[in-house]
Structures are given as C-alpha cells and as structure tokens.
Amino acid sequence: MKGSVLYNLSLEGDKFLMGILAPELAKTSRAGQFVMLRVSESLDPLLRRPFSFYSLGKGTTAERLQPENHLQSHTQTVPGISRGIRTRSPDSVEFLYRVVGQGTRIMAHMEVGREVDLLGPLGKPFPLPTEPSQIFLIAGGIGIAPLLVLMEDLQQREPELFQRCKTTLFFGGRRAADIVGVEDFQSMDIPVHIATEDGSLGQKGLVTDLLTGRESSGEKNLPRLVYTCGPHAMMAAVARLCRQWRASGYASLECLMGCGFGACLGCVVKSPSSAAEEIPFTYRFVCKEGPTFPLEQVLW
Amino acid sequence: MKGSVLYNLSLEGDKFLMGILAPELAKTSRAGQFVMLRVSESLDPLLRRPFSFYSLGKGTTAERLQPENHLQSHTQTVPGISRGIRTRSPDSVEFLYRVVGQGTRIMAHMEVGREVDLLGPLGKPFPLPTEPSQIFLIAGGIGIAPLLVLMEDLQQREPELFQRCKTTLFFGGRRAADIVGVEDFQSMDIPVHIATEDGSLGQKGLVTDLLTGRESSGEKNLPRLVYTCGPHAMMAAVARLCRQWRASGYASLECLMGCGFGACLGCVVKSPSSAAEEIPFTYRFVCKEGPTFPLEQVLW
Amino acid sequence: MVENPHLSVKLGSLILKNPVMTASGTFGYGLEFEPYLDLGKLGAIVVKGLSLKPRLGNPTPRIAETPAGMLNSIGLQNVGIEAFLSEKLPLLSKFGTPVIANIFGETIEEYCAVARRSEESGAVAAVEANISCPNVSKGLDFAQNPQATLKITQALRKATSLPLIIKLSPNVTDIRVIARAAADGGADALSVMNTVLGMAVDIRTRKPRLATVTGGLSGPAIRPIALRALWQVRQAVNLPLIGIGGIMSAEDALEFLIVGASAIQVGTANFVDPQSSVKIVDGLRTYCQENNIADVNSVVGTLKSDPI
Amino acid sequence: MVENPHLSVKLGSLILKNPVMTASGTFGYGLEFEPYLDLGKLGAIVVKGLSLKPRLGNPTPRIAETPAGMLNSIGLQNVGIEAFLSEKLPLLSKFGTPVIANIFGETIEEYCAVARRSEESGAVAAVEANISCPNVSKGLDFAQNPQATLKITQALRKATSLPLIIKLSPNVTDIRVIARAAADGGADALSVMNTVLGMAVDIRTRKPRLATVTGGLSGPAIRPIALRALWQVRQAVNLPLIGIGGIMSAEDALEFLIVGASAIQVGTANFVDPQSSVKIVDGLRTYCQENNIADVNSVVGTLKSDPI
C-alpha cells in the first residue's frame, strides 16, 4: 500500500512525528496494530520496519502536539528538521518514531509528498474496555506510541464509555526529552504522571516507582485495566504489579521482525504453555498473535 | 568533496542536466576529466559512478539549453521532473547524464539543495589544440558530454585560438531524443551536423556516414584535430577515419570503474605494446591514463 | 510479440505452470500469503521445513539484518508433519498449485518417515529434502559430505516415489561433488542453494546478533554466490535445477534461468514484498512477450560464455 | 575518558601502530592514495598481489557491481616483484608504515622466490601469502586443501624469516581445518578472509558480467560470512588473526575485533571512499575514548556468547 508523507516533524530529542495520507489504512486499522514500512527502494536496508500507529487521524485534539524545530537539537545523528505542519484528517495516520538506526534515520529525512510503502494493518488490536473502569496507561519512552491511538479509538467509537472510564497516563523516560506527546493526552483530559531517571522532568526514578505501594492506599487507587508499552523490563514490572492489583493488563511488545505477517517465524516470544502440553513453554508470534498480548500470555 | 545540487533538469528522452555547486572542483578541473559520484549513502548501490564534466561553469553561453518539463515524456522509468533552473556560475559544474540503471535513476530524483559526494577531478584532461586548426568534434549520444566543456575551456583559456580554430560538431544518435545540448554548441558558433539512425533528426544513418568520403572533396574539408566520445564501435570507426585523414585524434573512453583513481585495476583497455615489449598488447587504465587517450593508444 | 508465452516447466515428472516457486521457510505454510496474492498463480509452493515431530525452534533473537541480506536461525520451528497434513494441507490444496513438502530430520530414518507421510497424504506433489540447514546440526551437515549426501538420497529414493528434490548447501569446498552424489543417489532435481553460514555482532552488547551465534545468510547479498553455485552444478549433473538465492525480481530470476535453472525459488523477497513471487511470474511473462519468446524453457541454459 | 588510547597491536613479531591495514588489491601500491590520506597513519599497507614476473591480468570486464558488493576478476595484474621493489617500495617506505607484500605464484617455488626477494629488499615488514585467489587457478586452490596449505606454508616458512601471514579462503567446507594446517605449517598470523566465489549475468546479452565468468565477491554483502569464518578460525587456532571482509566503518571493524581479530583490513571500502582506512583508525580511537578503553587490545576476543 502506498502512502504519501503529509508532515514529518522533529520533536524533542531524536523523536519525530510523521503524518501519512493513507485513506485505506486510516479506515481499516485499529489501535495496537502496526504497519511494516519500507524506508527505501534500495536493497540496503532490506527489511521493512515495524511501527505502531500513534494516531489514526480520526481523533480531534484541541491542543496539538507542539512540534519544535530542533535545528540546534542535542541529537547529533539527525538534522532535526521539521517538514510540513500537523494536519490530521480521517484519511491520515500518524507514527511517532525515534531515530535509532539506519532505517529511522532515512525516515527522518523524508520530505513532504514523498511516497512511502506500507504493509498493514498488521497484528492484533488492543481490546478496548467493555465497561467503565479505572484505566492505567503505562508507557516508557517511545512506548507511548500505541497508547494515544487506543484512547482516541475508544473516544471515537464509544464516547460515553470513554467518559465513564477514569484513565491516567504514567509515563517514564530517561530524561525529559523522552517525554513526548503529553499534550495529546492532556487534551483528552487524561492526567499525566511523569518520571524520568535523571529527574529532569516529573519525579526522579522509574515509571514503576510512581506505581508501587498503591495497594495500601486503597482499592479506588488501583486500576481494573492496564495498557502498557515500553522497555521489556518495565513491562515485566508492570505485569508483576497487575498480578498484585488483580488487574487485567495488555502489553504491546517489540521484537525484531523479518516480515510482520507470520511468514518468517522470527518474532517469537516465550509464552506459558497450557497445562495439557508437556513442554516448559511455547512460542507465540509477536506479529500475528500480538503485538498486543494479555500480560499473562507472556513469560516475562 | 561535497557539492550541492543547484538544478536537475529533465531533457529529451531519458537525459538530465545536473548543476552542482562545487567551487573547488569548478576551479581545479579541466575538460575531459571526470568525477566519481556517490549517488546514495546506502550500501546499495555500493560503488561510485563516473561522470565527465559537461560544463565547468566558466563558459558563458548566450542561448541556454532549453530544459523541457517532460511529465508526459516517452520514458517510462523516469518521472522526468525538472528541478530548479539552469544558472551556471564560476563555482558550479554540470553533468549531462542519461538514466540507464539504478544509480542514474537515483540521480534523476535528486532535489535542489541535496548534498552530493564527489571524488575528483580524476583522469587526464583532453589536450587543448596548440595552434589554429580545423577541429571535428564527433559525438554519439551521451558522448556529447565531455565535448562541450572542451570548447568552453578553450574559449575561456585561449579565446583567440578558439576564434581561429574552425570547429564543427558531428553528432549522432539512434533517435531525435538522443540529440541534446546542440544549442550550447550553436551559441558558441560551432556548426552542428546531426545524424540519427531512425532519421527522426538530421541525416538518417550513423554519424560516421556524415564523415566518410571527405578525402575526395579536398584537404580543406579534413580536420587536423579530432575529439570523439560515444559508443565504442563509433570511436573505433573514427579512429580509422583519423588514420585515413592523417589527423590527430583523442577519444574519451567509457569503462566500468571500481574506484576511478588507479586502485582497483578494473578499468583496463587494450593498448598496442611498444616495439620493445614482447607482449602482444598492454593494458592501460582508463581512469588514470585516460579517460582521454590519443586514438592510436587504443587497440580498437 | 508473443501474447501468451508458454511458461510451464518440468522438473522430472513434476509439472509447474510457471518456473516460480516459493522458498521453504520464507512462505510459512502458504496460507499466510492469502491476503496478498492469488496462491493459484504460483508455479509451486514449498512450505516451511517439516519434521516428524513439532519443533519449538531456536531462542531469540532469530533474525538480524545485514547489508542487502539477513541472517536467520529459526531452528526449523514447525508444526510437525502430522499437523501440517491435517490442518494446513487441506486448505492449501484448494489453490491448484503443487505443494512441495520441504523435509528434514535428525536421522535418515526421520527424513524417510516424513517423506513417506507426505506421499501417503496424496496431496503433496514432491518432496524437497533440506540436507543442508546450518542452524540445527551441531557438526557438519549431510550436504557437506558426498557420502552422506549419497546415502540420504538413496534412502529417500527408496522411501518415496514422489519427485525427490535435494537441496544443496553452498557451505562446501566443491558443490559439484555433492551435486553428483545427489544425482547418483537418485534425485529427480536439485535445489541450489540454501543459505550461507554467517554471523553478526552487536558491538554495544558484544553479543552475537543471533542467539545461536551463527545463522543462515539470505537475500540479494548472496545472489552472486547462488548463481555461481548453480553454474558449477549445471556443469556437473544432468538433472533439472532450481535456482535459489537473493531473487528479488524477474530480472534476477532470468539470470538463474539463463545459467541453467529450470525453475527458481523466491525466498527473502517474500518478506520485503509479500507479492514478490507473483510479480516475478508476471515479470517473466512480460519479458517473454517483449522479447518474442514463445516458451520460457528456451531461455534456460542459454548463457553465452566464451571459453577463456 | 581516555584521551590517548593505546591502539598499537602485535601480530607475532610485527608491531602495528593501530589495527587498521589495507587489503591487498584494493589499495594499489599505496601511492595511489597519497592524494587522499596520510599513509603514515595506517597500521600497515598491504600491496597488490605480487608475482615473480609481471602479469597482464584478465580480459575485461573485470568488475561488476552486485547488491552491497562487487565481483572482481582482475587476474592479479601486477608489475612483478622486481619492479615493485625498485620503483614502488622506495617511495612507499618513507611513510614509516609497515609495508606488507601480498604474494602469489603458480608453484610453491614461485611463492618462495617472491618471499625471498621481499625479505632481501630489507624494506618489507611481512609477507602475506594469497593461497586462495579464485581468479587465476583453474582448479582448486591451495587454500581449499589442508595438505596443500600445510605444504606451502612450510615451504614459505623455510624461505623467509619475515613474519608470515597466510590468507585463507572462505570457499571451503570447513575453514578450521585449513587454519590448523596453516598454523601447523608455521604461519605467524592468518588473514581471514579472501573473496567469495561469485558470478553475475547480464540478462540483455546473456553473458556473464565478468570475462572470466566467475570472480571474487567482496564488500559489505560478505561481512556476515567473514565474521563467521573468523569466529570459526578463532576457535581452531591460537595465532593472531586479521579480519577481512566488507569492513566499511569503525563499527564494522569492532565486530571483527570483538570476535577475535587483532587487526583488520579495509578492502572494497577504499573504492567507495579512499579515506575509509584512516577514518576507521580515527573511529576506533574515538570509540576507545568514549568508552573509556585504554587499550584497543582489550576489546579483542571479547565476544559474549552464551553456550546454547
């Protein structure tokens, strides 16, 4: 599927926000799904790169994420030039991405109007809440990406349920620059609690530090439903917390992907085997059976 | 050496004219020399591509080559979009190139302002005429490239000698679209004779057909000095003619090049061995000992 | 111009409607590609390597990207021949495209058992024996030893009357010797080639990029090696050959046909573009049309090489 | 932060000021690179393969580009050892960088003669024997046979007291066996590896893209193969190793050091960017500085691989 770059905005640190015109994709995709993006026609890099939707363009946010033009950015690898302006439409999708290597570096240079080759939507969406619940969104760094679209999707599809859920975002990073997109949540009236390891924004420490010890302060401070995305160790900690809290939880996993649609068998994650099976664990495919998994389906 | 694209114009057929701001190169290069251009930072394509200078930006031509915007061009492979306008300066160089494969296709898409990586100037320049002479320029297709800069260089460096030389361009191609840059020669008052194999422009036939049988019409119709560039078979025919005419001649050769500066030993051409040597022929390196060779130095 | 060039090719008694097959391990069990293409358009579907019992495969990371290529050490994870025959094959058979079982085992007996079960199913068109997977064997592979190759080929030849394809490894000193052994053992066709043994290191963690340290290199990076291997095998044996390695386009496929492959397999390209295989079928047709070639077989083995 | 990391490495008795050498055949006789870099900054310069008599080399085309790589069949064109010693070496010696003669021949005697002449010159720091060039031998190479490798290494060991480096070929079933033979024969160090035998076809003309049909594949495409070969050799012998194959950057070089190379050679990268080699020296220095590494040798052989 072809899409066309609408904007490609340099955000804090090495993060970028890319808007792509892709009506078919915008229509058929759900929160938690992803695309495999081909960053160039060259054979190097060869493989597509997986990216979760940050937004499916359906939401309407009052206050927009403020793109900053980071020409004097602290990141060396990326020129950090913003291209275009953020104008979402029902026909567009958004990716929030961090420049970490060859592929994302090429993406950071993409001009407005540039055609991109997308395969998707792929994977299983996040299950939406089915009843009014206290919801915790727990994100680490770029793991924020699939959580916005989740809330926008809920707001869009079930505005009433969305209203009646009490949702809070807990957002951790190593430093202030890792915390992007906060305004997008605030504009949906979702309160945001921030932790950074160097203390440059919010509480100093890990995002899970914001969450421990909640049991003592009573039931009403505990979530019924948790959605999380971030570094593996963080999600493992969240899984432990959810067991304590007796909350259902879903994680969006990251993993090296050769294909994204179940053909290469490269993207497995260890999962508890059912009692009937005689094997110590089983492998699940992140691309097809995930990337969103109930927390208890993963051997953390 | 870095340069920056000033314009990238779609011409007839699959030809493009690229202007690059590269002051150092414009200053130090001579007609007949070439650069090795890296078309992308990717490892595919890996090797640099050789291109002769079409112009070193020093010349001043009254009538400019008319770039045409070929959005409805007959060439399928290239979008054929012109970018920028032709504005030569003493700090710029020009390449006239034909899209034939992966590398030149990437070049055809380069935007104005895009940084390009050039290695050069490389190779031996064409020797300029040393006395007033009748000069034939004989070009086939994209082989026209190094001949314009030769005349501009002569005009620039030795305006008087340039005036006193009687220069004619014989230009052949398969079809009309192969004949580009004629205006650049005409604006220097160099008459142009054209032959195309399909007869769509000029005389029908090969460029050498324009040249055979000249002996009979008398000395004054024969050149003292010949410069040629084009397909191998054409240059071989020109070499034969020059022997008949007792004219000195120089050819600019094309050949696959791994490096462009004498390191890979990939670019050899067979050359007569000197009487002293016991071998049937010797190899010369097109990149270092050429690309311009006296016609008799090549075993055609 | 030829409007409807003949694209059908024969590999012994196996007839394909065109020379384009999918390479084992890069096309799942075929069904994964249903959303992207008409499986009925393919010459043949070679499924993921099948063993007697299901296999979990290797720990992660299992893949790593390299320049114009990728490394994998999936470890031959598969559902096992029985689950394949009962759950996947019935769905796959309905497309009218021959399904080829890629088989492997840890012993010759296992290989033979999987081949026998494939034949018994009645819906497997041929067996391709992977005697050269670098990710599971600790020591050397069958495909790295002519005697071992001969022995396993003979055993498989006895075990099944299905067309028998032996898939060769490039990780050998002289692939011609192995090819001859497979021919002597009774193979009907040879697949040339499997992945090249490779490795990559993450300099940040100083760990190998694959959990198994080494793995199989595939993709366009290895195409020149595959073409060379095919050319060597072409001169060594008289069997129909299947060219495999880094084929991304119809042009790439033509290189293999010209060197002497009767058919080709598309592997890693399926990941980059799931429609690659049918695009290559279409590309071959267009090539024949534009070049007035009535029968694609007339391209096979037409390499012009001056003796030097 | 370490300001001046120690970059010097030892290959037996040969001391290099840093681990970065240039690969034979990709750096001419060194002098071609004078306009682009300070030859004095390199760890060592390995010159184009030298034979007893000058060689014309192969017909054209001699090179072809492939995905992330290139094929060559230069055919070891060279000026011959005598012209090298008298015309090139004096100019090259003045840079204070060890010059290593890459040597080859058609017989063991020729190899030994070139090694002897190199030593007699007094200005050659070491000999690297190319026993694995795929472009000249019609049959199999020395490097494809352990006995032949042993024999030629023993002969060279007798012929010269210069540090003796044997350069291995990847075109073998088990490179460890060959490495052990070279070690047993008395090599001081091993270069891993030469090019991989490959081929490409021009579908328009249906001719091979190289006049010799097959040639040597080099460049980043083969880096995973080179790393794997190095890793295998590292486990087989106790000699200092030189890693070669597709190194384009300091990061790439570090992969080889981590796997166990004491030094590396930069080959095809020299064509893409003639300054590659010194950029890699600078990159290694920066890496050591930024990671607080006082001595680059402490990186060598630090691969963390869990037994699986």
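Note that the chains are named A, B, C and D in the order they appear, and that numbering of residues resets to 1 at the start of each chain.
Everything that follows uses one rule, which is that contacts are C-beta pairs under 8 Å (C-beta built on N, C-alpha and C of every residue); 3 or more make two chains touch, one makes a residue touch a chain.
Bear in mind the structure is a predicted one, so any value in this text is a computation, not a measurement.
Asker: Hey, which chain ends up farthest from chain D, C-alpha centres compared?
Answerer: When every chain centre is compared against chain D, the largest gap points to A.
Asker: Between chain A and chain D, what distance separates the C-alpha centroids? Give it in angstrom.
Answerer: Centre separation, chain A to chain D: 46 Å.
Asker: Compute the distance, rounded to whole Å, between the mean C-alpha positions of chain C and chain D.
Answerer: Taking the average C-alpha coordinate of chain C and of chain D, the gap between them is 34 Å.
Asker: Return the distance between the CA-based centres of chain B and chain D, expressed in whole Å.
Answerer: 37
Asker: Chain C: which residues touch two or more other chains?
Answerer: Chain C, residues with two or more chain partners: 67-69, 219-220.
Asker: By the touch rule stated above, which residues of chain B touch at least two different other chains?
Answerer: Answer for chain B, listing residues that touch two or more other chains: 43-45.
Asker: When you draw the chains as points and link the ones that touch, which shape shows up: line, ring, star, complete, or other?
Answerer: Looks like everything touches everything, fully connected.
Asker: Could you list, by residue number, the parts of chain D that touch chain B in their complex?
Answerer: 25-28, 32-33, 35-36, 48, 56-57, 60-65, 67-70, 72, 74, 77, 219-220, 248, 268, 270-274
Asker: What part of chain C is in contact with chain B in the complex they form?
Answerer: Contacts found on chain C: 67-68, 220.
Asker: Okay, in this complex, where on chain B does chain D touch?
Answerer: It is residues 38, 43-48, 119, 255-259, 261-269, 279, 282-283, 288 of chain B that touch chain D.
Asker: Give every residue of chain A touching chain D within the complex, in rising order.
Answerer: Touching chain D from chain A are residues 43-44.
Asker: How about chain A: which of its residues touch chain B in the complex?
Answerer: Chain A reaches chain B through residues 40, 42-45, 111.
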